[in-house]
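Here the structure comes first, spelled out in structure tokens, and everything after it is commentary.
Here the chain labels run A, B, C and D in written order, and each chain numbers its own residues starting at 1.
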């Protein structure tokens, strides 16, 4: 019945959705921001620990959401560890394009860690589900807001 | 081209429309009210002189309006002279029914001066022209408001 | 057995309500969704009527015919089409009045949707009748349309907002309600039926208690007016609101019923053409109610469509529609009981055919996406009732809502699809 | 010669604009009026497009098809139809943006009609940006929609209303305008084209002078946007308003263009669903513009219809429509000159195809009734512009207004009917 949904809900996603990594508010962090998806009521918070050089030492998240948004947040926190701010932003740019645009429309967001980006490909299925794009990008918007020291963000 | 408009614009009406009787603000009167038809911009004023017994000694009007409203006002001022307040109201009720309702729907407005009412029959054509009913009844509404000592009225 | 006969059998052979014939009036219901080249899609199972109902051919055709034959702007024209148009548009005011058992067309104000009707009452009646320290009493199961306009007014003039709590089964806490009718409360604004829980509130009792204490009473009938007969005089409402697009009519039109004495004393809401009696730069004289509240060119085509919709449901019979939907509801509640981990929010005894549910371990958003692939259109999210979500400790729900065209076979499809969703994530 | 060829000959053989083909798109234009048993009626000559335009089959069919195939509520649904519906509805925002040459869909707010757009600006922008003693500068040729909302605001917060006079030929007095741009004036709100006089005002110059003095500028494009191309960036408008039903689209939808920076800083207008980001009883967070201004279920069907209307006029070409109407206007002005006692109000050099006139000794209301019997639909009255009537010392006028479907033959019918009216009363 749901055969063509396997593109959207790949095994990796179901796994991360069921067992999110880096879940929960950590004892220490120095940047945080909330993300709010008014469409479905999802709210998540991202907690970053930035090193003195500005790179991301650690990343966690909590809050509720659908399988897509939980998996996306979980994957994101795994991938971001050790990335510089510029790398994180480039990944966000590429990821956002991947979720919303056809290949030829992608714009340049600077050099990207190919290996990390590869892992995010499991989420590329959302492009066929416009209403689910916000679920996939929610955590990234929050991360971006946290990086820029804002306190709260919304994906809209 | 306009054959079936002869019902609406009978000769009497065209005549009263061109040469309205009792037109102009009289030097003395003791009741007055304005009528305003927002649809076409017509504004008229009715001036009554009531005798000590309350009967209508004299009636005048001024203001601008279409052929129907001018003729109706003109006819009204002619007819009202000498009528008691109750007679005037009965005439108004009958006239209003004539303009808006089928015969069998007419309600009882008290005894009416048949001869006076006969004269008003020339306006019965408006019943086929719902948008013109207000033109025909404008002066009567104003007269009624004047009788009841109100200062200004509108037909709506 | 033809499918027609199957359904008649399913809903009871002596049921006078022929849902299969009714369905033929709705062109969209025979479509499939998610068709792909080389693969037929799934038949549409439309269970989202609480968000907006589909339109019968009678409504679609009435609007089409009107535009092809009789359209013009209304109210100020002497020409033929303008008169036709005005007659048709104003006839819907009579139909809306009859539909609600209001005394006459003068009680009926047309708005853009239900939401605008609340804003109209808040800004016109509210500003004229409320002052800082006064309170408006709403309930914990209100749609945002009956919350945010009062919050805007609160921020503007300093009124307070009080809230009648909701019991665990989704009923209104009537004891708390009686206690909350304190002197500061000037308006009671409560939904007649909840768009999330389905709960049908005891409108007559709510109005009786409020009126006994001299308060004005407004009901949100956006859902209630769709699922069964409404009689504003029997329940003694001062204001009653519903919206065209949920009553099988077009978008772009809502209805505000108001007691004439109240409407007559309300200041205008928006300014513009058609609502004035005379205008100069210094002074403007407004028209009488209801026209005073309808500024500019009204929703003429929408009025004609709504008239056809009212005719349609009236011909079917609001009682018959109610009975049909209650059979569906009972069946669906029964069948969903069997699904492990499924929780229904709202089990009050008086309930419209609206079922909000959650499934353990699966987010409503994912449920929505999977059901959709099975052809089943449900709404997922907060249903514009965020405080209610908080009350029940859920972030969102999935909601299946039934209309006059749904069948028991569709209930089965829903249940099967929910089960398949569970195994998918299982 | 076929009637088709006749018209092509009449409008010049090399004219690319084929009005007879265009007319076939409008089902209503082939009807007759005042038919009686045993007597055929008169062919409809529709000269009331300034009040509301007729709709082409393309618009009627787009709405019908949408309701038969794709309808659902928008914005918050994950299911198939809801996505379809949202895409179609939001596509019209893009179309409206392109139609006005606005930078993007975020500049486009959908309202109920033009009138609501003025009220929105007055209540949201006005309350946030104006205080007692500030002034709004309008003109002597405004529609009530651009007068009364400011009067309501005046009564609420004590602003002043100033008025740019109109010259005898119906032009705006630009010298007076420049002088009136004093420090207290914060907003200039002027019509781009007059619905009575036809005058097309020099929008670019109006905006240039106002902006040089730091004022915000709003144009009423309800008429201008219908008769020719509009470019909000070229004229440098801060707000620009038009209404769907005059642009050959449905009732129930209007368009407010706003500069994004301005919209973003405006507080919400009405409260309800869809315009909020989160709601609790204590606090509500509003969405970004333009959605913040659209509370409740939007005019979805109307949005689809308006999209089809914009497609339609864009395909014909606003330039071509303008040229066609200007030919009609020139012809009509020329022919009406011959009618004794006929006075045209509004003879400004830049003029849309709208002709208001009076005939000596005959009240416009009587003219309207007689023309109507001849099949000619004109509007009579004050045209929601009462102060302008006073300015020209008339109680009312008759107004013939032309649309993209009118022909020179119809101008002839009008002129003949006016002459016959004269002899009837003569």
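What we mean here is this: a residue touches a chain if its C-beta (ideal position, glycine included) is under 8 Å from a C-beta of that chain, and two chains touch if they have at least 3 such contacts.
Please read these numbers as outputs of a predicted model, since none were measured by experiment.
> Hopping along touching chains only, can you work out the least number of steps from subunit A to subunit D?
Minimal hop count between subunit A and subunit D: 1.
> Highest contact-pair count belongs to which two chains?
C-D
> Between subunit C and subunit D, what is the separation of their C-alpha centroids in Å?
32
> Roughly how far is subunit A from subunit B, centre to centre by C-alpha average, rounded to an integer in Å?
Averaging C-alpha atoms per chain gives centres 78 Å apart.
> Where the CA atoms of subunit A average out and where those of subunit C average out, how many Å apart are those spots?
The computed centroid separation for subunit A versus subunit C comes out at 38 Å.
> Please compute the C-alpha centroid of subunit B, do the same for subunit C, then give the distance between them in whole Å.
Each chain reduced to its C-alpha mean, subunit B and subunit C end up 46 Å apart.
> Tell me, which residues of subunit A touch at least two other chains?
38-39, 129, 131-132
> Counting only residues that touch at least 2 other chains, which ones in subunit C make the list?
Within subunit C, residues 76-78, 82, 276, 278, 365, 369, 380-381, 386 contact more than one other chain.
> Any idea which subunit C residues touch subunit A in the complex?
36, 362-366, 369-370, 373-374, 380-382, 386, 389, 395-396, 417, 420-421, 424-425
> Applying the document's contact rule, which stretches of subunit C touch subunit D when the two form their complex?
Contacts found on subunit C: 27-28, 31, 33-34, 44, 46, 48, 51-52, 54-55, 59-60, 63-64, 67-73, 76-82, 112-116, 118-119, 122, 143-145, 147-152, 161, 163, 243, 245, 250-253, 268, 270-276, 278-281, 284, 295-302, 365, 368-369, 371-372, 376-381, 384, 386-387, 390.
> Contact residues on subunit A for subunit C in the complex?
Its residues touching subunit C are 1-2, 4-5, 8-9, 14, 38-43, 64-68, 70, 129, 131-132, 135.
> Once bound in the complex, which stretches of subunit C touch subunit B?
Of all residues in subunit C, those touching subunit B are 75-78, 82-83, 87, 276-278, 285, 287-288.
> Show me the residue ranges of subunit A that touch subunit D in the complex, using the header's touch definition.
36, 38-39, 129-132, 154, 156
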